[in-house]
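Each chain carries a letter (A, B, C, D, E, F, G and H) given by its place in the written order, and its residues are counted from 1.
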Amino acid sequence: MSYVYNRLNKDDVALLMVDHQSGLLSLVRDFSPDDFKNNVLALADIAKFFDIPTILTTSFEDGPNGPMVPELKAAFPDAPYFARPGQINAWDNEEFVAAVKATGKKQLLIAGVVTEVCVAFPVLSALEEGYEVFVVTDASGTFNQTTRDAAWDRMSQAGAQLMTWFAVGGELHRDWRNDIEGFGGLLAGHLPAYANLIQSYEQQSLAHKR
Amino acid sequence: MSYVYNRLNKDDVALLMVDHQSGLLSLVRDFSPDDFKNNVLALADIAKFFDIPTILTTSFEDGPNGPMVPELKAAFPDAPYFARPGQINAWDNEEFVAAVKATGKKQLLIAGVVTEVCVAFPVLSALEEGYEVFVVTDASGTFNQTTRDAAWDRMSQAGAQLMTWFAVGGELHRDWRNDIEGFGGLLAGHLPAYANLIQSYEQQSLAHKR
Amino acid sequence: MSYVYNRLNKDDVALLMVDHQSGLLSLVRDFSPDDFKNNVLALADIAKFFDIPTILTTSFEDGPNGPMVPELKAAFPDAPYFARPGQINAWDNEEFVAAVKATGKKQLLIAGVVTEVCVAFPVLSALEEGYEVFVVTDASGTFNQTTRDAAWDRMSQAGAQLMTWFAVGGELHRDWRNDIEGFGGLLAGHLPAYANLIQSYEQQSLAHKR
Amino acid sequence: MSYVYNRLNKDDVALLMVDHQSGLLSLVRDFSPDDFKNNVLALADIAKFFDIPTILTTSFEDGPNGPMVPELKAAFPDAPYFARPGQINAWDNEEFVAAVKATGKKQLLIAGVVTEVCVAFPVLSALEEGYEVFVVTDASGTFNQTTRDAAWDRMSQAGAQLMTWFAVGGELHRDWRNDIEGFGGLLAGHLPAYANLIQSYEQQSLAHKR
Amino acid sequence: MSYVYNRLNKDDVALLMVDHQSGLLSLVRDFSPDDFKNNVLALADIAKFFDIPTILTTSFEDGPNGPMVPELKAAFPDAPYFARPGQINAWDNEEFVAAVKATGKKQLLIAGVVTEVCVAFPVLSALEEGYEVFVVTDASGTFNQTTRDAAWDRMSQAGAQLMTWFAVGGELHRDWRNDIEGFGGLLAGHLPAYANLIQSYEQQSLAHKR
Amino acid sequence: MSYVYNRLNKDDVALLMVDHQSGLLSLVRDFSPDDFKNNVLALADIAKFFDIPTILTTSFEDGPNGPMVPELKAAFPDAPYFARPGQINAWDNEEFVAAVKATGKKQLLIAGVVTEVCVAFPVLSALEEGYEVFVVTDASGTFNQTTRDAAWDRMSQAGAQLMTWFAVGGELHRDWRNDIEGFGGLLAGHLPAYANLIQSYEQQSLAHKR
Amino acid sequence: MSYVYNRLNKDDVALLMVDHQSGLLSLVRDFSPDDFKNNVLALADIAKFFDIPTILTTSFEDGPNGPMVPELKAAFPDAPYFARPGQINAWDNEEFVAAVKATGKKQLLIAGVVTEVCVAFPVLSALEEGYEVFVVTDASGTFNQTTRDAAWDRMSQAGAQLMTWFAVGGELHRDWRNDIEGFGGLLAGHLPAYANLIQSYEQQSLAHKR
Amino acid sequence: MSYVYNRLNKDDVALLMVDHQSGLLSLVRDFSPDDFKNNVLALADIAKFFDIPTILTTSFEDGPNGPMVPELKAAFPDAPYFARPGQINAWDNEEFVAAVKATGKKQLLIAGVVTEVCVAFPVLSALEEGYEVFVVTDASGTFNQTTRDAAWDRMSQAGAQLMTWFAVGGELHRDWRNDIEGFGGLLAGHLPAYANLIQSYEQQSLAHKR
């Protein structure tokens, strides 16, 4: 049985951001807060850079779960946004699923908080409906490493592919020549170690120009 | 071959609690004692909350393995309870299997101590008999991380799904509106970080009412 | 210069609980939430068991820092309680210091959130005023292990002694015969691994009585 | 496609101990030396307890790799023993394979040093020949955790089952009543935490007899 | 010999930022890049917030060590800045020391890359000259945890105090009432977990106003 | 469905070294720099030892990514070398793929930086084209352990085999007698712990000769 | 103030083994059970090898704490043994202290379970009475790493020296020539990695003799 | 009491390399073998670069401990070399001490295997005799992290300063201008991450020259 590599394709993919809310983020302890914030915003920047249709949803945002992270709201001012009245699996919300289907895409990037519930449930539902599902693992957080390991295993065994925001960006961009400065700027903004390389390089270039 | 997402369904599921005994618990070192106690009792509360038929079993409880954790006994006073006379795999105990079958359920949640024996053996037996098996990984403990990793891999490759008590609760509850206060109370009791969110929220609500 | 071992003495000691508030607790990541909650409540139970004068204080409890953990309030209904209007170092609050002095004790147990600020600052202030200071390290939490290491070093080098709630209990109790059941019950309630030992022991005793 | 649980069966299984040599053991760093020594000897004791045909092999034992661990030699004085003249994969040694086949068993327990070579290669060869292969992961050691993770994944994906010596013992014994004292003694000798339980239990029994 | 708590005092303190250069930052592996970047910039913001005289220095910035992090340069456009021609210990650079002395401060905050050299050497030199020295440990990075542990021990034993940027901010601010919004904003910008608390709080306030 | 063990065969295999560049290496933090350098050079030595056709490629080597590690260039002076003008997935570079095909090999060893992009993408592309793909995991590096775990899972689930340089060497060599001194020297040069064994052995041999 | 190195001297030292009881050992989680058992028995063997006066004590050995580890009892059949009726600090037991004083030694080796109570309390008491105190840290166990760190800091700051059984053995033995075989045998029995070296060496010696 | 910073001074310092033998190195597990080998050789290169008098010693090098690492012997062909006939503490060997004294230096760099014995004992002896002692912690190895922590604490509390080879190099060199190329080459040879920076820099310089 031969393997087919259906790459992430910017024309075929939609992004679902599930329950990145200020209260729920307090529960995430498998990443440092700085790392996790950076990962989530990097994914958002990627979606904007590639014009990926993005759908936002929250759970009980008027209660302890808190509002969606304001940077996300600001990043996607016109995106479909569903404050779910109670469904734990976002896929149980008909408007949400309708919006996903309305994108007409076959590939779904899914990230959220917490991984084993808010991510895993819609991941499994989407797999059942025949979508190719890519979990953005580092923009998805949960209580601890043990919980994460179990959640990753369940999703992977069901057929989801485990990725990270940087891999998503690289697979979508395909070729640096499509936009060197834009993509480089995106990376520099979210990978301090890469920004360091760029700075060293640019200073030296400047020095030689002088 | 398409994936089918058979969700945990409160009408289709039974819970098997295997060998959570005071002596055997002394052997568990892949969780801190506080974390593990909390996980086991959280799973018990979930079973009670959703009225999941629950079956308890112990191994040699009159010897060094010690008695079942009293909180579990107290939580399920009327549950079938099998003090196995010697079978290591609970599934080798005919009364136990009969009780499982008597529930008429197709989905089994299994947790126990130690993971690679008391959990893995009945998990594999149940898979062979066609049950859908969900391992509650964080209510199952063993000697160390290496042992756990091997046990998880064996069960996962055989077709069991790796879950945690929180994921089980969320998948069973489906929609917060089914019982907001009840489910919220359950979570607050077992997730101190979530309880903190609730407290902050409620104090502020009170303040505004004043 | 000879060393003098001034043991914790239940007649000489007061306990200061600083800023255990629902919001601030969300920041604690050098303990699992279950472990930390248990440690804080264990320390409270010790203070009650030995009738240690206890002083509570919070910082900005009407804002994002949130209210004091309700279990602590409930444990010490009559304790002096100071909602500080802005002082970061509790020792800068005159009423708080007056209450400490009013206890007439020379030994101070201090715990709080976060370790390097809410604990370390009053620890250093109290040392300067000549108190013997004992940091209850495991009932004090902060952002990560690195921060904790730095905070512990600063306090230790200044002369504070680093303890844990269990060591505090043992040093205060001195002799099990002072109250075997009471102290045993306290331990069993906060050390699941010790509770397991007791259960195994008691079941066997019962068996032999039968 | 239904899962079949072919349990380890003491009448169907042989044990292959590959390259547990004093020099090679110096390379093992994914276990502490105490833990690893205990695991290897525990596996040997299990093989003897259940009379499992055991085959020993070494690689270049007259050079830096060093002699087979003397406790293993002593444990299996009459076992087939193959000092391989050069083959890295023991399965490339015809006498070794002949000895395996001569046992007439269908299930193979394999352990060795180092995991990704001396264990993985014969594991994959044996799988190809249709054996059911069970890797005794904690009696197999290698350079570090990363190497181990890669080796486990390769073997598991090929169809080998990852076990540990304790799981092997439990799956073979089936029922404590087959030999309570013998099996209990085996465990006590290799699980200090279990030995502790037994001692507490026995002292109390003695006390009551008095 | 009684302990004196000389607190950090915004009128008595200067900040030395040593060798935070793009090349050298590539060597830092005791923090994640996101965490470290955040820590360094948080310290810079604290210095600006409290108007702390700040001195910048670099080592061989035209070679592989690379230029100073541009955000630091931008934060302190008028600060004394010394591109050292070769001295490894910044304290061996006379202009640097003159600038430190010109501040007239007795307390020095020191951070840099790498900890055991660029931080430890000037820390020890400044201690010798009678300064009170506070190492900002989390804005100082090095090759690995072992190196850090050794460097911290050497500096602590010599009399330096180990702090973190958050503790520095708290000790300088003293009382929230000095500037609630300003200090809160500073924290929110560098502590995502604290920003979450603020967002939850503010949304709820808004909701009640409506 | 029976498993077939297609071993690495020195006549059937080619090695692809992807983007081991001085800048990108600064991003690798799932290995210590010493360990990673050693792993990469060990893999190179293996390729030379077994005369494996090797193909080198870099990405944007004139910019911040930096030049290929000079030791690699020196090791393979005549190897096909492709400085890709922009393609992120090396398999999107036609000359690179042509060179791979020109080797006429069916088995590909792939290593590179960073794992989830520069390794995973060509791994998946090569699998799709029917190659047997072996990832040399310890000569492939990335940002952190989480990213690595996700990348490994994706490649493994697609059918790639996870190996390490030592396992590659052993599987290719087959039998020590093919070249004892050569292979031993290779190992001694890259496994200090093995070199220690050899030294102890040789000194003792010398002693006995005297 | 000049440092004086008062080495451990076999004629000046006594060993106190405090509360190594089967129940309490279940609480130890800062070592693996294999490692801890080995460390405790190694210390016992050292005491016997050097004829160090040894004093044993237990706490409530008829209750859940359980009996002293039988190997210890067997190792020191004639040693003073005090089953304390209730004192938590062994130094509060007059017979125990009398026995310590009766040894006439000035140096005390102390090990026990748990570190921060059963070890730290008598350590501090003995320091106060002018003894030189050496904590055998790896034969002393407790609940977790955090607790251990705090306990070590408290004892070290009070003047106790932190050692391990191997360092104790080396400092007492002084010169291998005092008994090469005896000391080598002791090490081989408790350091599997050292035993491996010896085996490789001896086999080669044998080979050359032949 | 004011602190005096007696820096390492190349004219005042001698280096003692204690028991870096092939057998004993097999016991070191607090560093990866690659890292440790690199650290030891880096220290040797520093001693040669600064012409530091160096003294080598071994313990029982004809037995299982094995010969001194050949690279060390080669690095210091004319250094005093003492194969101790039995003294565990090198300072108990009169010739060794005489050689140390003959250097006429007041500062001693000490490194060795294992840390708590072969390093700590001569460190404490040298401190007693009034030497300033600097432990090169990362060129000193032992069984595990716990042992190391205890050994470091004992030496640090006695007055030794904990350093690493890189800090030693920087403190000795003082100013890059003393020999930029030489010192840069030394670092590049032992810090792969620094070598990467240099390569990126040099390639860019070359590019601009073209």
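Just so it is clear, contacts are C-beta pairs under 8 Å (C-beta built on N, C-alpha and C of every residue); 3 or more make two chains touch, one makes a residue touch a chain.
The model shown is predicted, which means the values in this text are computed figures rather than measured ones.
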Reference interface A-H: repeating pair among C-D, E-F or G-H with over half of contacts shared: C-D
Rotation in the CA alignment of chain G with chain H, degrees, nearest 5: 90
Winner on C-beta contact pairs when D-H is weighed against A-F: A-F
Chain whose Cα centroid lies at the greatest distance from that of chain F: C
Whole-Å separation of chain centres (CA-atom averages), chain A against chain C: 41
Centre distance in Å when chain B and chain C are each reduced to the mean of their C-alpha atoms: 33
Between chain F and chain G, centroid-to-centroid distance (C-alpha), Å: 48
Distance from chain E to chain D - Cα centre to Cα centre, in angstrom: 54
Residues of chain G touching at least two other chains: 23, 26, 32, 64, 66, 191, 193, 196-197, 200-201
Chains grouped in pairs wherever the two touch, ordered by label: A-B, A-C, A-E, A-F, A-H, B-C, B-D, B-E, B-G, C-D, C-E, C-G, D-F, D-G, D-H, E-F, E-H, F-G, F-H, G-H
Residue ranges of chain C touching chain D (in the complex, touch as defined): 197, 200-201, 204-205, 208
Chain A residues within the chain C interface of the complex: 26, 29, 32, 144
Chain G-touching residues of chain C, taken from the complex the two chains share: 2-5, 7, 30-31, 137-138, 152, 156, 161-164, 166-167, 170-171, 173-178, 180, 191, 193-194, 196-198, 200-201
Chain E to chain A touching residues, read off their complex: 22-23, 25-26, 32-38, 61-62, 64, 66-67, 69-70, 191-193, 195-197, 199-200, 203, 207
Touch list for chain B against partner chain D, complex: 23, 26-27, 59-60, 63-66, 85-89, 92, 114, 116-117, 120-121, 124-125, 127-128, 130, 143, 146-147, 149-151, 153-154, 157-159
